[in-house]
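Chain naming follows the written order as A, B, C and D, and within any one chain the residues start at number 1.
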Amino acid sequence: MSRNALKMVTIGGGSSYTPELIEGYIKRQDQLPIKEIWLVDIPEGEKKLNIVGNMAKRMVKAAGLDWEVHLTLDRREALKDADFVSTQFRVGLLEARVKDERIPGSYGLLGQETNGAGGIFKAFRTVPVILDIVKDMKDLCPNAWLINFTNPSGMITEAIQQYGKWDKVIGLCNVPVMAMMNEPATIGKELKDLTYKFAGIDHFHWHRVWDNSGKEVTMDIINKMYDGSETGLPKNIFDVKFFREQLNQMKMIPCGYHRYYYRQTEMLNHSLEEFNQNKTRAQEVMRIEHELFTLYQDSNLDHKPKQLAERGGAHYSDAACEAIASIYGDKKTHMVVSTLNHGALPDLPSDHTVEVSSIITASGALPLTFGHFQPAESGWIQLMKNMELVIDQAAVTGDYGLALQAFIMNPLIPSGQAAKDLLDEMLVANKKYLPQFADKIKELEDQ
Amino acid sequence: MSRNALKMVTIGGGSSYTPELIEGYIKRQDQLPIKEIWLVDIPEGEKKLNIVGNMAKRMVKAAGLDWEVHLTLDRREALKDADFVSTQFRVGLLEARVKDERIPGSYGLLGQETNGAGGIFKAFRTVPVILDIVKDMKDLCPNAWLINFTNPSGMITEAIQQYGKWDKVIGLCNVPVMAMMNEPATIGKELKDLTYKFAGIDHFHWHRVWDNSGKEVTMDIINKMYDGSETGLPKNIFDVKFFREQLNQMKMIPCGYHRYYYRQTEMLNHSLEEFNQNKTRAQEVMRIEHELFTLYQDSNLDHKPKQLAERGGAHYSDAACEAIASIYGDKKTHMVVSTLNHGALPDLPSDHTVEVSSIITASGALPLTFGHFQPAESGWIQLMKNMELVIDQAAVTGDYGLALQAFIMNPLIPSGQAAKDLLDEMLVANKKYLPQFADKIKELEDQ
Amino acid sequence: MSRNALKMVTIGGGSSYTPELIEGYIKRQDQLPIKEIWLVDIPEGEKKLNIVGNMAKRMVKAAGLDWEVHLTLDRREALKDADFVSTQFRVGLLEARVKDERIPGSYGLLGQETNGAGGIFKAFRTVPVILDIVKDMKDLCPNAWLINFTNPSGMITEAIQQYGKWDKVIGLCNVPVMAMMNEPATIGKELKDLTYKFAGIDHFHWHRVWDNSGKEVTMDIINKMYDGSETGLPKNIFDVKFFREQLNQMKMIPCGYHRYYYRQTEMLNHSLEEFNQNKTRAQEVMRIEHELFTLYQDSNLDHKPKQLAERGGAHYSDAACEAIASIYGDKKTHMVVSTLNHGALPDLPSDHTVEVSSIITASGALPLTFGHFQPAESGWIQLMKNMELVIDQAAVTGDYGLALQAFIMNPLIPSGQAAKDLLDEMLVANKKYLPQFADKIKELEDQ
Amino acid sequence: MSRNALKMVTIGGGSSYTPELIEGYIKRQDQLPIKEIWLVDIPEGEKKLNIVGNMAKRMVKAAGLDWEVHLTLDRREALKDADFVSTQFRVGLLEARVKDERIPGSYGLLGQETNGAGGIFKAFRTVPVILDIVKDMKDLCPNAWLINFTNPSGMITEAIQQYGKWDKVIGLCNVPVMAMMNEPATIGKELKDLTYKFAGIDHFHWHRVWDNSGKEVTMDIINKMYDGSETGLPKNIFDVKFFREQLNQMKMIPCGYHRYYYRQTEMLNHSLEEFNQNKTRAQEVMRIEHELFTLYQDSNLDHKPKQLAERGGAHYSDAACEAIASIYGDKKTHMVVSTLNHGALPDLPSDHTVEVSSIITASGALPLTFGHFQPAESGWIQLMKNMELVIDQAAVTGDYGLALQAFIMNPLIPSGQAAKDLLDEMLVANKKYLPQFADKIKELEDQ
């Protein structure tokens, strides 16, 4: 690492989230001796890249910093000698998200981009691209750290490690961040006075909490979930309460996404309602994005607008900055990240990615052990983790049988002919981004 | 064991399957020096016990054997000094099965007595009774073997071992038996020339097959499943084909019950069709039973009528006789039984029950190792086995939160308010047989 | 916990180490609102208790603190409502250590009190006493934390958790402390700029180190071990170099005690040399102790004398104070402690004690995952951990067969008749402290 | 496989054991349609090959069989289209064994060719050769089965699977065979009426036994070990009794080689006694071999002479024939073989070789599960298995650090400078057969 002149690269730099990232860097200017920030995007994103890139330049200037902000479509130029690479791209742009939400919806199934059929296809599209980035990194910046927050973050991180053979990676999500931002207040505490232990996989984890007298306060927080307190659900998740009797037995706090699995019917109904009213999340996001980019075009705007907080991914970028600062500064901060299990969750294989409370050091994430789950949670997590493995393997090989196995395993897709038809329709609809499935797609088109 | 004068006890002796059991004993008269057969039932089953018991006496007599056949309502009298105890009772009789099938059906869910909500409740009703029997056995026949084929056979066997602390038990099912009876012919082979390796849990296992030249013939059998060959599906399971691409990837043969999980939609639709036509399996079974008991009443009938083969449980009793003969004679036969894992399936904990190819010796079942599953099957089996553990724990403790967790985990019950309502309705409807849930049921009734 | 008026209890308060403990408390007076310090000992230790206890009072007074220092022979009075209990007693006093060193020596074997035959007997004597203390704690101070530094610290901690069923325990050792005190300077670093990861069991662990740029510096430290740098070997261990080729392959730093296993012959020879010159460690310690207590008797002495640093256990008590302050203050300090594995070392069972880098919080130690060992270290640690389990089980049950198994497993005791004779001689010699082996000892005496 | 005209190949065909192998084939002539037997050896063994090869021809002829017996020095010619390949070669001939026994002896250490330093060097010499054979087999007879009884049989089998990536292999040893031949009579039983369960690794396993009423008779057999009954110790192992108290605790029967570990001192003393009298086993074997080859030269001799039974490896070849017949005939015989664990011993990794009771089918060995060991045996076996892995890795890579780690781990080699000197001396002494260590050996020679 060029320790006194850091080169930071963001793939998908034209994202509307970039101002949060820039703000995150600016907040940590004392911790991070940045020299260059490279925002990379693809030709289809050039216009947005320029808008948000100029906004970034104004933000840096307003902060009185001499950091260079480079905008480029040349990924390899950007990656050359990079110190930290963060990824926030979306293969196929929001149009792909529309498909992830609307095609399942047309089958009466959940349309969501990290769970169900949509999540599987987001992985199928993204894995080949991330592996390509890793290939470039091996060539151009073999000592850099990769901070991934492209979704589905857990599966992408798994692919980077298992198939990309790249260990210097940390996967991020804003869900634990938001829980830790909102929950302490519900029990009259501050985060610094609590010990959080998260365990699971991305978008499917639980946590327990202790106060600074050693008392477990998990059930106190759970109780607050039923009196209307804000406990940190991301904006993109419909709020239906968990069954209290279930949490009383579990004695852990599920993540927001568990709603899809623990209240499947209600979440599906809500999704279909939106589908029928033509107002899926992708469309809502398009509206917000339009509004954001209109703002970003204002050459007087030189700070992150508050509207950005409405996006489901708020705090992702800030988490990325914190991870980067922790690695660079060997801060030993507690963060919840996707990293190799190494025994932290003995119910899962030690050589695969989990999302778990970790200490972030200069040599990466050191997970804290969590110990065994009770049988119900053990069964769920073993299913879900193995499903991730099947999805990644399908994404890498383009094996149709594996893709079908993933659809059949997925708890949010009732198996059967309709599920297979959905798989086939989505393959064809995503043709442009699924080179690995080209033969099968051709076969489907020829029918 | 009284090695030259065996006392065989069957709990649920009034079952229509008893003639198959008696026939099984008669076939093995050279292997089993039986002195007494005790058929035990409860007062509600007395009439059937007498009918089928007399039929059993005629069968024994017709075979020229001097075995004593005792009919009794006094379980403890029967268990005293027993050598082998087999269980084929149904708590709540067929009326309970009607509820297992019709209440879920009324919620638009699968009505089936070993899978979905019905299977869970069959376990809830049966576990307390079987633990009571084990308690009696510890007292009255501590050296006896317990051969369980009461469903859900795997969970009952698990409860006997984990909660009853009774190791001399073997759990049986006819599904592997029927596969091994029917599949060899489809590839022009005989069973004796093949090596079968089954692995999984009861009603959720897979198998692989090799011929006597060492060549794996699993895919050959799979291919035959698509040309109309009879591969041994029990009578009670609707036949919808597995997706060929799935099996090509899996390279194992799923059991018949996998249809509920791999073709969930089609199986549900078929179940609901029957539900809407008022012709669920329980009713079909009642019809067959009526027909069978009419036959059994014929004082000239002294052999098993062919109509018995129409019941889904055909070959169960014969498997029980074979297990008994193998234990008694230390025959080292290959059988597929529910027994302690002990490492045979390294993806599952070694101290819990699995259903696996085993060698049956005088000291019980010695499982053959199977090795690791691929991720898809590993995920499924870990979910399902853990669900069994949750169900058994709920059945023993009467903990409502655990019961709810089981409903939410079950892949055949979409989670949500309706699932909880279904749970509550079934608790109340099964009140008579669920003393462990008495408090919760009272609370539900009081609402 | 009485959060503003802590009651600290030390069993074995008459130890010569007590001034270090008191100094440790005084150093942390801002972190620990101590009200009472209770020093407990047995009648045989009363004289020392009074000497060192009065010294402690002077130290507290000199520090200008109003803490009450109580000296007592009544353990139950002391334990009543305690907040923290630390243990530094030695069952059988130094006389027992003499036997641990001299009886094996007379067989030509290593005489050492935490390894070989001596270590086994120290466990045999100590386990019953510590379990008795735990029993009192359950009764008198069920919310207290137990900080154990009585040796063999790992086995004692294991016994407290497995047999005492007491979870609020942390086991300590000064070996990791001294490594972290001395090694950084050898590579021109400070501890705060390094990340240490220790893994293993007490007196048999390894560690790896990274600097604050993420670079692993383990090999740099190893290289310094061969140029004469002081890397922190406790005073009681004879210094013979590890084979460099071995460490090059291992790429981890062994603990000082590994010398007994990696350079068995040289360590044995040195031990026997001392044995033959009648100068075993116990005798050396007696000399130091005598000197120390002479000093302590000086009513003008009110601070820890520098001579205490010559004892092998230096820094133990300070580590105990730091653990206490970390728990009390939820400091999330990194410490290396004996605690439940929980997956940190996936090569060892998750429900047993290991010594591992942990974050110390108000709810106890949270181990950092270490991941799998290479085969050589994996084999060693599995042998040693299982030996600990055998020893603890023998210590609890008094089973002679288990004691013999422990002797036979122990890599420092060549198995055979002499080993058995040694076992028998040590049983008889320790008769007074081994009630659990009473029957066997009687049998041996009767021969 | 050429199912009706088998080609059998034996590498090391000039061995004095060959007549036992030929006799084994002849005994199984009805089970094995042999067409050709190829005996292969190296030029140094040509003379013996001719003697024993002609003896083999006479044996076949005397049995009235038309099998072709080919003698060749061309391994590739022999391997072409082979069906079964068995290996009984000794790299470096008996001269190497002399070194394995005498060099350690000169250091006051055990001289034995499968345990201690000798066993490690036998592995170092043999692994490269067996991997070369496997390479030829991939090329010339990719469907053949490899039946290995070259020692150290377990490590060689492990190397074949792990490094040779060859799965169609079975490793054999005569120790379990002899136990099963001799033990039943001691308790008045026949083998066919007992169930044996062996578990461990080659030359380090235990077993338990049940009779045909299901009663465990392990302790009955153990009791007989103390009244002078012959329980099957191979001829090459000095007989010193196990400690009865140890076996009483263990409740398993150790294998003969456990003496080296459980009675280390006595075995070492006996070995040194022989060493000092210049009568190590290699020399004894040379004497027997000389006698045997003198017999074999007798052109009238056409059956296996009884003197062959005096060799330690008696029954190895017969076991090989039985394994071959079981594979060919899909006999599902119970045999104790080295094969992949697959969960049979859950204390060891599932993807490494263990020696375990298995059912031998046409598709190979199916291990029977054994379940967890108690802690003492668990610790031992984990040490020993990991030592095997270290030895194999050293044998493949020629890494001196790994070789040193193996020496240090080995319970029969006290670690220290002398152990390192021994390692170095043995490397140089075995130079001719250790190409993988060439650099290190040169370095040693240059010193």
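Criterion: a contact is a pair of C-beta atoms (placed from the backbone, for glycine too) under 8 Å apart; a residue touches a chain by one contact, two chains touch by 3 or more.
This one's a predicted model, so the numbers in the text were calculated from it and none came from an experiment.
Participant: Keeping to the contact definition above, tell me which chains border both subunit A and subunit C.
Facilitator: none
Participant: Specify, for the interface formed by the sequence copies subunit A and subunit B, whether it is same or different in terms of residue numbers shared by both sides, with half as the dividing line.
Facilitator: same
Participant: Which chain has its C-alpha centroid at the greatest distance from the C-alpha centroid of subunit A?
Facilitator: Chain centre farthest from subunit A's centre: D.
Participant: If you average the Cα atoms of subunit B and of subunit D to get two centres, how far apart are those centres in Å?
Facilitator: 45
Participant: Subunit A to subunit D: how many Å between their CA centres?
Facilitator: Those two chain centres are 55 Å apart.
Participant: What pattern do the touching chains form: line, ring, star, complete or other?
Facilitator: Looks like a ring, each chain touching just two neighbours.
Participant: Under the stated contact criterion, what part of subunit D meets subunit C in this complex?
Facilitator: That would be residues 243, 245-246, 248-250, 261-266, 268, 375-376, 378-380, 382-387, 389-390, 393, 399-402, 404-406, 408-409, 411, 414-420 of subunit D.
Participant: Could you pull out which subunit B residues touch subunit D in their complex?
Facilitator: Against subunit D, the touching part of subunit B is residues 1, 3, 193, 195, 197, 210-216, 327, 329-330, 332, 334, 340-346, 350, 359, 361-364, 366-372.
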